[in-house]
Amino acid sequence: MKYAAPSSVEEATSLLSSSPSAQVFAGATDVVPQIRGGRQAPEVLVDLKKIDQLVALTSDDKKWTVGAATPTVDLTENPGFSQEFPGISEAAGLIGSDQIQSRSSLGGNLCNGSPAADSVPAMMVNGTRALIAGPKGNRLVDVSEVVTGPGQTCLDSDEFIVEFEIDRAPSLTGDAYLRMIPRTEMDIAVVGAGARVTLGEDGTITAAALALGAVAPTVVRVTAAEEALIGTTADEDTLAVVAAAASEVCNPIDDKRGTIGYREQVAGVLAKRAVLIAMERAQQRNGNV
Amino acid sequence: MARTHITTVINGDEVDFLTEDSTSLLNALRDEVGLTGAKEGCGTGDCGSCSILLDERVTCSCLVFAPEANGANILTVEGLTDAGELHPLQQCFLEGAALQCGICTPGFLIAAKALLDKNPDPTETEIRYALAGNLCRCTGYDKIVRAVQEAALQMREQ
Amino acid sequence: MAQVYFSAGLRDLTGGVAQVDVQASNVRRLIAALDEMFPGIGERLSEASSVAIDGEILTDAEYESVPDQAEVHFLDILQGG
Amino acid sequence: MALTEENPGYKWVGTRPIRPDGLDKVTGKAQFGADLTLPGMLFGKVVRSPHAHARILSIDTSAAESMLGVKAVITGSDFPDLAANGAHASDIDVANNAIARDKVLYEGHVVAAVAATTRELAEAAAKAVEVSYEILPHVLTVDEAMADNAPLLHENMITKGVDPAPDQPSNVASRIVHERGDLEQGFGEADVVIEREFTTKPVHQGYIEPHAAVADANNDGRANIWCSSQGHFAMRAYTATVLGVSQGTLKVTAAEIGGGFGGKTVIYLEPLAVRLSQRSGRPVKLVMDRDEVFRATGPTSGTRIKVKMGISNGGELTAAEVWMAFEAGAYAGSPVGAAGMTVIAAYDIPHFLVEGYDVVCNKPRVAAYRAPGAPMAAFAVESVLDELARSIDMDPIEVRLANAAVEGTQASYGPKFPRIGFVETLEAIKEHPNYTAELGPNQGRGVAAGFWFNAGMNSSATVHVNENGTATVVTGSPDIGGSRQSMALMAAEELGIPYESIKPVVADTETVGFNDVTGGSRVTLATGAAVVDACRLVIEDLRARAAKTWDVEIDQVEWVDGQAQHVDGSQPPLSLNALAAKSGRTGGPISANASLNARGVGAGFSTQLCDVEVDPETGVTRVVRYLTAQDAGRAISPDYVEGQMQGGVVQGIGWGLNEEYIHDENGAMENPSFLDYRMPVASDLPMIECSIVEVPNPAHPYGVRGVGEVGIVPPMAALANAIKDATGVRLTDLPMTPIKVLEALNEQSD
């Protein structure tokens, strides 16, 4: 196993194209246990953290740009980002311990392909796009389309994510991410729920997004719930519809971390709670982005 | 097999060592550099016993490939002591009986230092969450949390 | 005479007897006396038992003295963590 | 150091100085099992069975042996066949658990080991060892193992303790029974009878330090071993047995130990490391990965327990019937015996029948874990007791007070209790403000109690007086939780010199007399008694030397405050310092040994109070408040008594809420990582409040009882009782995960 640390996207791309068995990594928090457990044995380890673009965090009038290898602690400790996207920030702050968050990244969390990845529902409800680099050039893909199945992505073996783009949140918009774990920390989500709502001047919901993690082979959107929320104030009746729609969309498995029945039931609970928190935040963010 | 030459600063001293590329920084520190203060409890980032500061950020050294440390600045538990003077955290762990077997202690000290470097006046809840990546099976965490509270107080008063 | 009690698990060897009075100066002699009364019990008692004399549980107690009127119980050997 | 309020008569005992080994442990200097490196040392790696139950058809080591840098490969055939040599059955089990011969009995069972020049090579060589298996059907639980026609682990296992003996082998190693009175009469006298069935899963001791051993064998047959264990003398004995050598050929040095809780009282790596070192001619280090620790060491038993108990309306327990089956793992020896003895021992119940079964199954061989057997038993009985108290509308402390064992109570396991402090722990809880603190929404409160025997056993100590008047206290009890401090405190108290003048040392197997393992909560009591004895011999010697100096009879000399004083004050006192400095003139160096098989063990009781909050929509239980009261006899070192109490409680909270072994259908463990085994983290917990109760053990010089174990006995029931109080649902299966709580809540609302 050889270690390589390219300093540019181009260098990384050509390295990946010329190595039959290369593994890109950012924080290596998933890659190391996988190699150690014998689940993969790449010939070349390509460290993306030495490429400036991949560890940047910037914003302009239109969007935030988050380098795919940027440590998640940079997001949680960035007040501007965390105020605008508290849901993404809190999801990033749930990926493992402080030790892990010094290293873990949105790119790694997404490309690991886990349906339980905490940041993915939060990124999805915020319409996040991934800029993917490869030998044939760059392409921009919606985050919801990156993961195609457990451990599988739409990336070719010589491609990697450079950065994420998140459009600036309009006023009266709030997001939230909640997860259920048996402990308070250091667990994989049994169920995760990301929500985002935008309110009209009258306080009713004009746009809504809801995504669930760990309840299906990939993170899923709950479109029925999103539609039900439009035009409402997320009153109790609507939330009941949201919860039912969330439970309905689940296609989970029984595994060591949770049962089908539990995941379905708690998906509804977390969906409801996440929407309520997003509502509260939306009400507080009146124009002062 | 050719090994890679790594140059780092560890606990304030320039240190270089040779390593296999796939070796963890933890094993390189322990086997090549001879610093055995950081411990391997799990090798998967779940226990925090191998915590170090890597460029001032608390990190599980078991999850870092040794070559990544090239050019980095590393602090291990062995570097907490300043010219023979114990760090207030070390002193408070001693006085507060915040260790039993002691295997997790180096990791807790490093994680607690990282916390106090960022947040000199943490609440009990903030301490508990900041230390959630460090497992201790002996103490039930009670005396560890109290020792960090006491060290924070002493450091604020200094 | 010491009062010796048998736990339910030993009574297959005593024909159901739960308690006997025995005169013996130490545990080894006590076990020997019991083995005469209930052939075979000696081996079980010396191999797999602690003994409690007047409430105190003792291991490796062969030569422990047995006071007159003492209450003696044989127990399973325990393991600690 | 100031005198403490609790112990006005003592200068050192009961104080809270800094522990002697503390500095090394906060600076990273302390040498734990995996920290030693020797010149030329090889790295070893163990090859383990991927199957739960299989016959080994062949092992091909040739590919591994031919790899450059691989220096030794060993298999079961490299060890003597103890069965063929007519060894004792328990020794054969130890040997077969260390390395399999014909059959593997659990996933993770050792089949081979390699040693190579680097870690990476050793791992590659381990992968290159080819083992061919015939997979056999397996049994994972007591239910499967006890079923008719269950596959057998051991074809010659005839159940012990059944009269007449069965004529067919089974997976049931033995049966235990305790009986008193007349059950029918007892239940007839009850106004309420409650019967419940409980299950618990295997749980691991969870020490953070994986097992580690370094061995360095010489050409002459001798070998040195450095290892992390709870008893290096026991490691010497076991290793000699497995290797078929005399104990005298082995010298074992105790490294600092990174937690054990019972799980490091047995051997795994030591004989393998010695054999690899012998074959390679180089020192060899073997260290387990965390997944190996989970798959192949510990845990304690999974169980099924049925409890039926009766109570009168006045709150008197009338009868109890208990049936228990304990998983032993691959070889006989679950702690069902202790479970049977402890299960109702805390209470005075006139009529009872307790029956228990030790059952083998295809999981790792269980090892001792903190009060082995008692926690599962208490979970069942303390849960039923809570139900009984509710059914007659009686306060849970009052119902326990009404039935509590006291001095003179005939314990359910036989003898009468000497002076014990159970009632005092109950009262400590009752009087604490937590007992009446207001509960918030979705919160509930639970009480539970626990009993553990504690142990005495064999210990040795040597005390050397150094020429500057300091003293070295040498014992052979590995210090797992601060025992060097309690040794130093007692020695300081005895000798009358400052705590800081005492250096406590844990010596190797050739430097100090025999010591049994650090286990059974015995070290402060037993090794402490040896230290006290040795100190008293030293004092005797010091008095004689003072008498010689003054030319008086020894009975004219008293030892007070670290100095010899003439009874009538006619001589200026002679300090330890002065006597030590001139020891050459009065008979040579001053030193004494004491060895003993400790008597006067004092039983331990703990009562605990737990407040939880349960999220009714997710089933998540959070502990919001916790109080533990425990009788320490005398807290020599209160800091570390509290540490034991808090640590035991938190292990129990993990056991109660989340920890469990999960196996797939093939018998492979699915969660062999800290991530998925889910031990408590700091943010899961509140402060664990301690109330140290001191009812001195009259049989110990300082009143010590063991404190290490009983703290883990009550928590699971305290949690279950609190969850019941918060939600109305009774959980009977551990762990009480959010899934199980939510299922129970769903059933309740249906």
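In order of appearance the chains are A, B, C and D, and numbering begins at 1 in each one.
We adopt the following convention: a contact is a pair of C-beta atoms (placed from the backbone, for glycine too) under 8 Å apart; a residue touches a chain by one contact, two chains touch by 3 or more.
If you're wondering where the values come from, they're calculated on a predicted model, not measured in any experiment.
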Pair joined by more contacting C-beta pairs (A-D or C-D): C-D
Intercentroid distance (Cα basis), subunit D paired with subunit A, Å: 44
For subunit C paired with subunit D, centre-to-centre distance based on mean C-alpha positions, whole Å: 27
CA centroid of subunit A to CA centroid of subunit C, Å: 68
Mean-CA-position distance for subunit C and subunit B (Å): 55
Residue numbers of subunit D (touch at least two other chains): 205, 261, 289, 674-675, 680-681, 683
Set of subunit A residues in contact with two or more other chains: 36, 184-186
Sequence positions of subunit B contacting 2 or more other chains: 20, 22, 43-44, 46, 129, 132-134
Which pairs of chains touch, using the document's own definition: A-B, A-D, B-D, C-D
Subunit C-touching residues of subunit D, taken from the complex the two chains share: 161, 163, 175-179, 205, 261-263, 265, 335, 337-338, 340-341, 368-372, 413-418, 453-458, 519-522, 597, 599-601, 699, 708-709
Contact set on subunit A toward subunit B in their complex: 1-3, 5, 27-29, 32-33, 35-36, 45, 47, 49, 71, 73, 96-100, 102-103, 184-186
Residues of subunit A defined as touching subunit D within the complex: 36-37, 180, 182-188, 190, 256-259, 261-262, 265-266, 269-270
Complex contact set, residues of subunit D against subunit B: 16, 18-19, 21-23, 25-32, 34-35, 37, 118-120, 205-210, 256-261, 287, 289-290, 480-482, 639-640, 642-643, 646-647, 649-651, 673-675, 679-683, 685, 687-688
Residue ranges of subunit B touching subunit D (in the complex, touch as defined): 20, 22-23, 27, 30-31, 34-44, 46-47, 49, 76-78, 80-81, 86, 90, 93-95, 97, 99-106, 109, 124-125, 127-129, 131-146
